[in-house]
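Below: the structure, in structure tokens.
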């Protein structure tokens, strides 16, 4: 991963004595970025598909699945960083947007199963089971991949917009905002758990067969999804970086520090918060859509309050307002989880808990804080 | 799949998160069975090496761990899962990688996979007999039914089947009250009040498919609200000895549960099983069980599963999935239930006896009714429309 | 040309212009009919840039502002004094939309009803404010604080495209110089001393180029010498901008004042030149002391 | 074959009104349910003390059979059921298992005997037992009891019972009379009975009387139901309040986003469990008072843990509230796993002491469980204590001051470190009290805390952070609203509706219900 | 009474206080002047223990206190009026004053003299501190520091935002406090002030700081040149 410099303005320019704008990425950061892109798009596929399994350079299917999954989660962490790290709004409901994106994709994948389900029906199994005779209205567009792509962005986007508009307009701040986002995702979880809601209840969607006509469980399809996820992650990183280096990003930080002052400077914080909130939600939606075909299941558990808190934890572990930090945090925490649940199944929670405590106590600015000590005090 | 002198087997039960309450003990049961087998020389002359992982009650993590067990650890078989959703989550992985899963918990049926052996009960091995009993004279001759469950697929399916069954017995829709509560629901005041009200309309029984944590508050409320088993009996399908550990059972005496095994059944196989478990729990210092060892139905099912797999491997002389699947057909095992459990020749489910037990003051069950012998499982319940056309055999098996 | 020279020049020019404008009721513009009202443009043809009438507000029964009426001419520098708790800050809160009055009217120019606008809208209309307690973006650098305050399109889309141009950069440099923070451009604002924050906040106001500046105790915590410089700065702004300054520092007021309004218990107690006001027995009684 | 013979013998014997014979005893204890029931009914008719004892033992599952002999086994001691003499229990003795039906019969039989007990409470209990199944065959028994009964309230109950039986009389006038009498009943069983009889009634006058009786019973039942709903709302509210009170201190006042709050409750619940165990082992006689000892222990255990956490972790995080989220999340993971390691992953059993079991019957049909009543009282007591501490003591003042401005509070001479530790320990201790209370209504397991943490935060935030009064209103409001919605829309939808309502209320009150308006807010 | 010797202090890498020494004798008013950002507040915070000093010594009545925590120093008798008021916004005026009594045994009443001095506080006893006007808050901050009847009182720009007649009162009070305290015992007063006229009136001693160093000091009667020093 690259190490984008966090400072936006740092070097005073010779001519005016004024600082110049920070570039989108510094030279070494560009190099790191391009290298990461190369790894994702070329090295990983080669190592997985063409290097023979007994070679030490071989990348196992398991690793592909694992890293693919974590990259999706890292997108969420990145989205969380925009809204929490830069704007100071702690969302405890980002899991909802992730799940919504996932459900949109899941609906498409369910339809792709066609008549190969248990009941050999055009309808998804759980609908046959509930004695439904036709698709409910909210499944109308689910057989179109194009519509699915639009909805993956639109559904979380619209939900976030409506919710955010009212919340920000009412000047709900701080923990009050955090708690209502939690209430939102919790309510959504209960709603999705209900079988009558039409999303498969507790089981959610699983047992997918195809995506765009390609079998979903082949190494090739999986690698394509992996590459797409990698590109999405790096793309969102670049997008986020661009956003925060623009004046937009500085207004966000200003909102975080002194919202009243922002208003008296003529900015409408509602618009700014809403914009970043919706962008952040849509990023999560994309992450969810990429996640579902890779892990093969989506269910309301993703909307549980704990799942959303975890996203915040990744961001905090990595280091807020650093962009790269949350990605690192997502990799570290989830990697540790995957590793420890096997090597120390009975003790891994101690390690993970201790990790969180240690990070807060000894690395107040997260892992990235270690790399830039003394940058801000 | 066999490396050197050991054969690896995976154990995939949640040791943390909400399901740890139920699943942890299955991990220990599996470890006990493996230790026993190893003590007797292992399988095919090789020792079994358990690979324990913690999927942490997280369904996607179940799938990930399965992939890891099958591709990284190359285990010969996996014993695991409790909830149906976790099974659904791992199923595609087992099918893709042609692995082998032994699933030890009663479930809703409506599924058959060549890569799974179901050692828990199908609805006809638990729910249907229980309701028949409730309607009988001894069971109290119930005429009205409250179907109370946690809102997820197992209770929903079971209740769908039961509704159809009750209908076939002439029970009117107005005499059936179906209710669901969310997972983890902890305040049953309203529900119990509703049951009380409903039961004023005639002899009523409650069929509870409440799962997990909600059972304790439900039973506590029931006890304190004065609903006695002789007035309104509750029969539960997910409440066993382990669940009652957390409840003061004195007010619950007489409420019922239906299972394929109770710790209290008396027979030599069970005596041995419970003794071994008590000794094992003590030796391994298993929290809770070292002081008060309890066995239950899913533990028995886990135990049977491991032994049957061992027998099948020995019969096949290989741990190759397809060969083991073929060899599993018709395997028998003298189960702690006291009966000879048999793996069906075709449908991957066990033939098991059905017991109905009444709660005793000590948290154990008195068996008040049982089937004369093992019952064949019907994973495709005849009470569900369209199931009559289903094959009683997983697809793709014939390719072996 | 150094910024200092520029500043001195501007100041002289401004003083001259202000004097000229003050000669007329409308602040240098023709009073007249049928002039097209430009939306968003402040209409000062009636000679008033700010107009409060019968404004009242109370908190839990306590009348903080009580039927307050007050107006300010374009280009005027109005000083407002009054005892602690007289309602000066509350009045500014009302003008900037932070507090909604229970009754009364507040107009910006003769067409814009401020009570219908939100805080950011009011700021966009051209009213800038310095708070009694210095309020800056603590996590941002001095440079970023000023840059954010630049007068430009404050919309979301615009903020994603924004590039500072050379005129704006020059202006920023000039303001930096004026507020003595040129050495501290890259310092985080949170680490400035109290007085430095006061200056920075004034600088942010200058960047905003508002039509009307509301300054709540701008020289609190400044040295006498800096107070003098601030006075000069305000005088230089007078004419181009309208200012309302709240202060308790009489020497500062003396330096800058034309008309002084004395607020007490939420309404105007006295108004006039400083000398007039200082001679008023009631003002001496409640405020100045003997 | 042999059994049937025995049975015949037994019937013969009993009709001769002899004392309990071995055959009779065996017939009651072993064989097919139908035959056993018959034997029990016979024994009840005889009302001989030995038979009564056997019946009681059967009801208590304290009977064993070996061969032809029946034993009553209480504790270690076995006595021969027939002779009443102590006896050695043969090794092959088997438990007698009674199913629900059997148990019901035994109970009725006992009730028939107890109707003439000298203890008024026993008689009242017996009437209540008989009331559930009015049966004509008991009419002589009831009449006899009525003649003997002196206690007015028991008489009234007996009259009602008699009326219920008479409702099936052949004489229409008597049926009418019975119906009129039944109008006074408060029992849901009367409603069932009336409904049944109305369907069968041919006589118009009797029918009208029954219908009017039904109406009055139903309206009384409806009142009871409404009262029940309010009670359950308040009960849920009191639990939410208990759960939220500690958080109102650690989070509301101190600003620590304490994700481990639930686990501190869990510690309180496990402390209760441990105390229970100690009582069981060392003071079984005083078992009913274990809860009294458990309250301070639960408080102490959680407070101690809270103090350790504060000293070890939290105190480094003041002024960084969001980071407390991360650290306490970690702490909660560790505490949960810690409990799993020590006590096991499964739930542990905590029993209600006998004075908290069962309930008090009000309005005839509404049974209010004692454990819930006690918890409501407990919650109020804790609330009063917390309110006093925060509003009236210096510690309360210091806590509020310290959390608002730590350095300046220190400059005023407040030992901020000690204040913080005390306050956090106090909040944690209250969480422990909540855990102790929860152990009386729900699960005690490693996940106990997780199921309440979200609710706890909702309550504190909805009420307004730092506003104790707000917390109270939010808790009770949510409890009652939730219960009313639940009665109407079901548990799942009610919960969703309540969550949506929280979102909407905060739109209107962005600082919680009880935000004080002010400049700084 | 209060003595600081050779104090050095840093924020991160920047050297804020360079070898500052001063003495605040009881019964006298010591005034500290200096331009914005020279380190006056930092020095006071160091004396109070709010920021750690790198080296140097602080003595109170001959006792070394530089390792003490702020609350120990408060209990030893140092009262502090911070710059920017820093009142407890969500506590009532009364509770703010009770906080000022934290170093005293519980039950100590608020000295009634304070209400004579700041009558507005009496009127607003039950209003929340944060709702007060700026000047009222400043008065509250002073009253709060005096409530515990400290031996040494440190005031950081106490007149900021206060109306002129009350400033005059405050001046009188400070002088009186120095001479006789609240209870007849003289107090040591250390005052940071930008308002030179006011300072000149009160000062028994003065010090001038520049870039973290004391560049001038002397008796209050000889402050004529100070105005120039404080200017750029």
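First chain written, first letter: the chains are A, B, C, D and E, and each begins at residue 1.
Here is the rule we use: a contact is a pair of C-beta atoms (placed from the backbone, for glycine too) under 8 Å apart; a residue touches a chain by one contact, two chains touch by 3 or more.
If you want to know which protein each chain is, UniProt gives these names: A = Urea ABC transporter permease subunit UrtC; C = Urea ABC transporter ATP-binding protein UrtD; D = Urea ABC transporter permease subunit UrtB; E = Urea ABC transporter ATP-binding subunit UrtE.
In this text, all values refer to a predicted model and were calculated from it rather than measured experimentally.
Trainee: Among the chains, which one keeps its Cα centre farthest from the Cα centre of chain C?
Mentor: Using the mean of the C-alpha atoms as each chain's centre, the farthest one from chain C is B.
Trainee: Per-chain Cα mean versus the mean over all protein Cα atoms: which chain has them closest together?
Mentor: A
Trainee: From the centre of chain A, which chain's CA centre is farthest?
Mentor: E
Trainee: Sort the chain pairs by how many C-beta pairs are in contact and tell me the top one.
Mentor: Among the chain pairs, B-D has the highest number of C-beta contacts.
Trainee: If you average the CA atoms of chain B and of chain D, how many Å lie between those two points?
Mentor: Inter-chain centre distance comes to 29 Å.
Trainee: Quick one: report the Å distance separating chain B from chain C, using the average Cα coordinate of each chain.
Mentor: It comes to 76 Å between the two C-alpha centres.
Trainee: Just how far, in Å, is the C-alpha centre of chain D from the one of chain A?
Mentor: One centre to the other, that is 45 Å.
Trainee: Residue numbers in chain B touching 2 or more other chains?
Mentor: Residues 15-16, 151, 182 of chain B each touch two or more of the other chains.
Trainee: Specify, in ascending order, the residues of chain D that touch 2 or more different other chains.
Mentor: 336-337, 341, 450, 492, 495
Trainee: Touching at least two other chains at once: which residues of chain C meet that condition?
Mentor: Answer for chain C, listing residues that touch two or more other chains: 59, 191.
Trainee: Which bits of chain C are touching chain A when the two form their complex?
Mentor: Listed in rising order, the residues of chain C that touch chain A are 96, 98, 118-121, 123-124, 128-129, 131, 135-141, 143-144, 147-149, 154-156, 159-164, 169-170, 172-173, 176, 182, 185-186, 188, 191, 204, 208.
Trainee: Quick one: in the complex, what on chain D touches chain B?
Mentor: For this pair, the touching residues of chain D are 33, 61, 95, 97, 99-101, 103-104, 107, 132, 188-189, 191-192, 195, 225, 228-229, 232, 235-236, 239, 336-337, 340-352, 357-359, 361, 367, 369-372, 440-447, 450-451, 483, 486-487, 490-492, 495.
Trainee: So in the complex, the part of chain E that touches chain D is made up of which residues?
Mentor: 48-50, 69-71, 73-75, 80, 82, 86, 88-91, 95, 98-104, 106, 128, 130-131, 144, 148
Trainee: Can you check the complex and tell me which residues of chain A touch chain D?
Mentor: On the chain A side, the touching residues are 84, 90, 166-167, 170-173, 175-176, 179-180, 182-184, 186-187, 190-191, 193-194, 305-306, 309, 312-313, 316-317, 346-347, 349-350, 352-357, 359-361, 364.
Trainee: How about chain D: which of its residues touch chain E in the complex?
Mentor: That would be residues 394, 397-398, 400-401, 404-405, 407-417, 466, 516, 518-521 of chain D.
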